[in-house]
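See the structures that follow.
Both of the next two complexes hold chain A, though its partner changes from chain B to chain C.
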Partner chain A sequence: MHHKVVVVGGNRIPFAKAGGPYAQASSHDMLTATLDGLVARTGLAGERIGEVAGGAVLKHPNDFNLTREAVLSSALAPETPACDLQQACATGLETTMYLANKIALGQLESGIAAGVDSASDAPIAVSDPLRRILLEASRARTAKQRFAAFARIRPRHLAPLAPRVAEPRTGLSMGEHQAVTTTRWGITREEQDGLAAASHHRLAAAWDRGFFDDLVTPYLRVAKDAILRPDTSVERLAALKPAFGGPDGTMTAGNSTALSDGAAAVLLATEEWAAAHHLTPWARVVDAEVAAVDHPAGADLLLAPVGATGRLLARQGLTVDDIDLFEIHEAFASTVLATLAAWRDEDYCRGLGLDGAIGEIDRARLNVTGSSLAVGHPFAATGARIVPTLAKLLHERGPGSRGLISVCAAGGQGVVAILEAV
Partner chain B sequence: MSALEKAFYSPVGRKVAAKAGLAEPPRLRRGRTFPQGAIVLAPLGPSTLVAETLALLGRAHESPVVDDGDEAPGYGDRIGALVVDATDARTVSELEGLRAVLRPAVRGIERAGRIVVVARPGGGGGWEADAVARALDGINRTVAKELRGGATSTLVYAHEGATPGDLVSTLGFVLQGRSAFVDGQAWHVRPAAVAAAALDARPLDGRVCVVTGAARGIGAAIVRTLARDGAVIVAVDVPAAGEGLAAVANEVGGTALQLDITADDAGARIAAHVAARGARIHAMVHNAGITRDKILVNTDAARWGSVVDVNLAAQMRINDVLLDPATEGGMADQGRIVGVASTSGLAGNKGQTNYAASKAGVAGLVISMAPDLAARGITANAVAPGFIETDMTARIPFVQREVFRRSNSLSQGGSPVDVAETIGYLVDPASQGVTGQVIRVCGQNLVGA
Partner chain C sequence: MSLDVEVLDALPPMGVAFARALVPSRPGEARIPAHAVRVEGVRQDLDRLAAYSRVCGYTLRDAVPATWIHVLTFPLHVSLLGDRRSSVRLVGAVHASNAMTMHRAVTSAEPLTLEVRAEGLRPHTRGAMLDLVGRAQVDGETVWEGVSTYLVAGMRVPGEPSGVAREPYSPGSPLALWRLAPDLGRRYRAVSQDPNPIHTSRVAAKAFGFARPIIHGMWTHARAMAALEGRVGPAHTAEVAFVKPVLLPATVGFGATPAPGGFDCAVTTRDGLKPHLLMSVRSAS
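This part shows the complex of A and B:
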């Protein structure tokens, strides 16, 4: 990279369960509030930012220019351009890399990467037969023709279709896919519940120490992550019924992420721009890689980041021992545990074309302020939540500290990135 | 609004209220506006101090009508203000000169006009001079109560050696609409090392001003007012108030700092925020405050502690950090510290021992700090709001609220901007000679010192 790209701040609104406090808020509203919070924290009101890149996984057709419209509603200068990107659950990390790359190439001096999702306000489609009848009726020239078209509507046509979270090529939902992975890698219920409980406890501790005071701005009177259960325990989680993998499944609502609403944003810039705007760089963006696996042929849907991690570390001449902090997105507790198992697995890694196992890591360095199980996972927002969180954590540890982010995504894909404190 | 409140403000309700003697309150003049009518200058002796100050303000003045016969003479057109230079007055007999100019002026003053008396403070001039200085205070308070239509009266004690440049910000503030809700008050102006040459419309241009409790109410108004005067705003409030805080900060192009002022490192975090911007603090406005009302017999340690900590102890800890010259991003020399007290604190208020302790404490604090900070040119003052229309006072039950609202000489609650403008005056670099003062912004509330 030619220009050093630094993370100088971030903001998100507290995340909440779908159908909860943000049930009436649109993605536009949440993204606008998130941008405004970032602008206020960094003193950028009226400023023209190089570019804002955002996105949502669940998107209404009217939201084709979601990010640009949010910019226009925000306190940023209306001359700030924006675009929408989408890389499923890795959208917020992909938008970060899209802007980081432009900054590195000298095309931009500053950018805001963002992601937002509302599972509450998910677009509802009408059934295909109904859609065809409606189109035909709208083309009708006479009342009689129109009536004839409407007469063909049957009650079964009227059931709304919520967006499916199933993989188009396998027909399996993400949870069902992960259940296969969980079994394949022998991940136990105890391990999953332990990881989930730790996520809640670590997130609660971070809130208590004021860690999020400059990372989160309250929204609609919600001041803290609403999914967080500080008092949850392995025992309490153990009581939950399986949600995926049949009656003997080990995956429950407690160790799987909840459908969530929320938005997050990252401010990226050159060091010069940061200095000129009196902002302290937290960490630089070192490198990133996006990867995919052949899940229709049976590969683990959510383990695509493993290959990317191995190649990225090799390219940077690093091993896991050179990484101080790891952020592995908790799509499911078992996704994180399977990822760690895969990192340790010599054969699996060689099968991906790596030179050997990625390695074993100390769990004390993983998701140290909790992750998606406790925070929630508004799909596109998660990457943009993790980047500033990790950047700030690395900055607290001091210059040279490195962190690795791994985010799995639908379609058998994933994005991995490395940050280093400055 | 309660049903009672709605009925009270309905057209019928208004008529009934008017019959009961509850007239529509006068409309106050606000902002950087001078009175419409002529400014009348009445020197009681050879002093030209006030005349020169008016010249710095760029305001023409006219001669007073003097009441020297049986028939009280009147002004043809209504006058905008009467400014009396009483700095030569030392004897009781000279007070008659004041009466003689006040009588026609009080009768002939326009709505929201101003009576201002500039005099020497007591002390050092002998017994009679001290009696006169205090007599002026009694006159000022009484005139304020008798004036109608939103006109106010103010007494300025100009110390020996204070120049027109030292007085210009004070006289400008008092004459302008910025002082709308300051009535019947008296405060001191001392000679300062750096005197101003004129009234600046953007006195805070580029200066960093930190305002706590900025997310709403009076704090948000302070932010807007100081920003209008050119300040670079750092808006502080608790993280839970972040949404409102962000809106306020963005409105003025400032920065939002989500911070509980009672945190141990609050002062350090404010300083770090300012240091990152390569600046030092011109003004620190301690506005954040809470109430936890209960009569004393029901006040436990928790209610006591939280109010005293937020309203008083926290700002003392923050001041300590910011006043250390070694602190990067701390107070600049010639800086300004402003505390927000309360008339409830000065007068005492049933159910508010904790609050009164904290707010009277703020007054005591700035009075004590002022001389110690004088060497660095840093001033420390407080404002003591009376009844101001905000979320805090909206929680008071309607009937009680209506009583509080009207129990002052201007028959209405103040606006947050009235407190903000007074703070703007205190943090003006030209107000260097104003320190250790507690200015009530209460419309001359019936309670309070």
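This part shows the complex of A and C:
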């Protein structure tokens, strides 16, 4: 990379459960509020930023230029260009890398990477047969042709279709896929509930010490992550019924992420731009890799980041012992636990083409301010939540501290990145 | 000037006062109430704010639009003009202009004290003019002020009408076209709770000399402000002249020209030749 790319700030709105306090807010509303909060905190009102890259997983057809429209609604200069990207649950990390790469190449001096999702305001589609009939009717040249098209509409065509979080090639939901992985790796209910409880307790502690004061802007009377349950415990979580994996399943609503609403953004820049704008760089973007697995042939849907992690560390000449903090996105508690098990597994790692096991890590260095189980997971926003959180944590630890982010995504994909405090 | 203030327990329901306000003014001498009406501790309904924002084109933010606070004061307009001490009625009174000032960003979480009084009754060549002066306060601090000027045709006020300067307008090509659907009046009624049937009923519109229902002037004002979102500071003043009503459905033009400290805007016919609404917005320095 030619230019050093630094994370100089971030902002998000508190995340909340779908159908909760943001039920009436659109992705446009939440993304605009997030951008404006970042602009207000960093003093960028009226500023032309090099580029804003954002995205949403659940997207209305009218929102094809969601990010650009949010920029126009925001206090940024209207001459700030923007584009939409989508990499499922890793969107916020993919937008970060897209802009970091452009900054590294000298194409940009500054950029805002973002992600937003509203499970409350999800688009609802018409059935495919009805859609085809409507399109045919719109192409009809005569009233008779139009009538003939409409005459084929049947009551069963009229049921609206809400988006499903299901894999097109397997028909399994993400939870059902993860239930297979959970069983395959022998992840216990106790481990999952323990990880979920720790996520809530660590997030609560981070809020209590004011860690999020310069990372979160209140929105619609919500000042703090609304899914967070500081008083939850392993005992309470143990009482929940299985949600995935059948009656003997170990995955519950407590150790799986909730459908969420929220938005997050990261401010990236060259060191020179940061200095000119009196902003303190927190961490530099070192490297990243995107990866995929063959889940239609049975590979674990959410373990694609494992291969990327091994290759990325090797490319940088690092091992897990050189990493101070780990951020593994908690799609499900068992995703994190299966990822850690895979990192330790010599045969599995060799099977991915790595030289050997990635290694064992100290859990005290993992998700130290909690993660998606406690914060919530508005799909596209999660990566853009994690990047500034980790950058600030590394900055607190001092120059040279390294952190690794691993985010799994639908389609058997994932993105992994390394940051280093400056 | 000290005024009597009648403090109401809550925003008046759209009941008796509304019914009275909806009876058109009878020609005669114009009288307005000398008292102000006030409601304290008005909590803002987030769902209604969200619906209002969708209809008017605003992004749903923590800071609320100035026009939203006007909508919150509207029941007090109705209450005041529905009072027996008023010979001027809401229906048949034409909204001629607005001057609205936001002194600082107001969030949807802040409870408001709202107050409206009628003043400035004055002769006009076509009848009488008056101002409904609204104020919103948070903990005694005035955060919003709005002056709505109405023309009541056929009513008399002693004195000579002073000449009213026509807003200057030079035709130009619109920068944007807005397509106003036939049901826009109904949709805006649902969020504004302004039941004036002139906006929703063809029959009522005809009774007042319009071929079709006309969109609320406050919608057009709000839509024009929404077009400037992100460009105007949280503290600002907007002055609006309602030049000519927009009959629904319609396609109208919009244009904004930068001016020192803000913008001069016009909502026009789609060819840009004639204005419907003229607005100047200035950010507080």
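List of remarks:
As a working rule, the second predicted complex is superposed on the first by the 405 of 422 C-alpha atoms of A that agree within 3 Å, B and C clash if a C-alpha of one lies under 4 Å from a C-alpha of the other, contacts with A are read in each partner's own complex, and residues count from 1 in each chain.
Quick note on the criterion: a residue touches a chain if its C-beta (ideal position, glycine included) is under 8 Å from a C-beta of that chain, and two chains touch if they have at least 3 such contacts.
As the structure is a computational prediction, the values presented were derived from the model and not from experiment.
With chain A as the common reference, chain B cannot sit beside chain C without a clash.
In the superposition on chain A, contact of A:Y219 is made with both chain B and chain C. Put chain B and chain C next to each other and count what each touches on chain A; the higher total goes to B. In the superposed model, A:A75 lies in contact with both chain B and chain C. In the superposition on chain A, contact is made by A:R41 with chain B only, not with chain C. Residue contacts after overlaying the shared chain place A:H28 against chain C, while chain B stays out of touching range.
In the three-chain superposition model, chain A touches both chain B and chain C at residues 33, 36, 75, 218-221. Across the complex, chain A meets chain C through its residues 24-26, 28-29, 32-33, 36, 72-76, 78, 218-221.
The touching residues of chain B, counted against chain A in their complex, run 235, 239-243, 245-247, 249-260, 263, 276-278. Residue ranges on chain A touching chain B, taken from their complex, read 33, 36-37, 39-43, 45-46, 75, 210, 212-214, 216-221, 223, 278-280.
Interface of chain C with chain A (complex): residues 46-47, 50-51, 53, 59-62, 108-109, 229-231.
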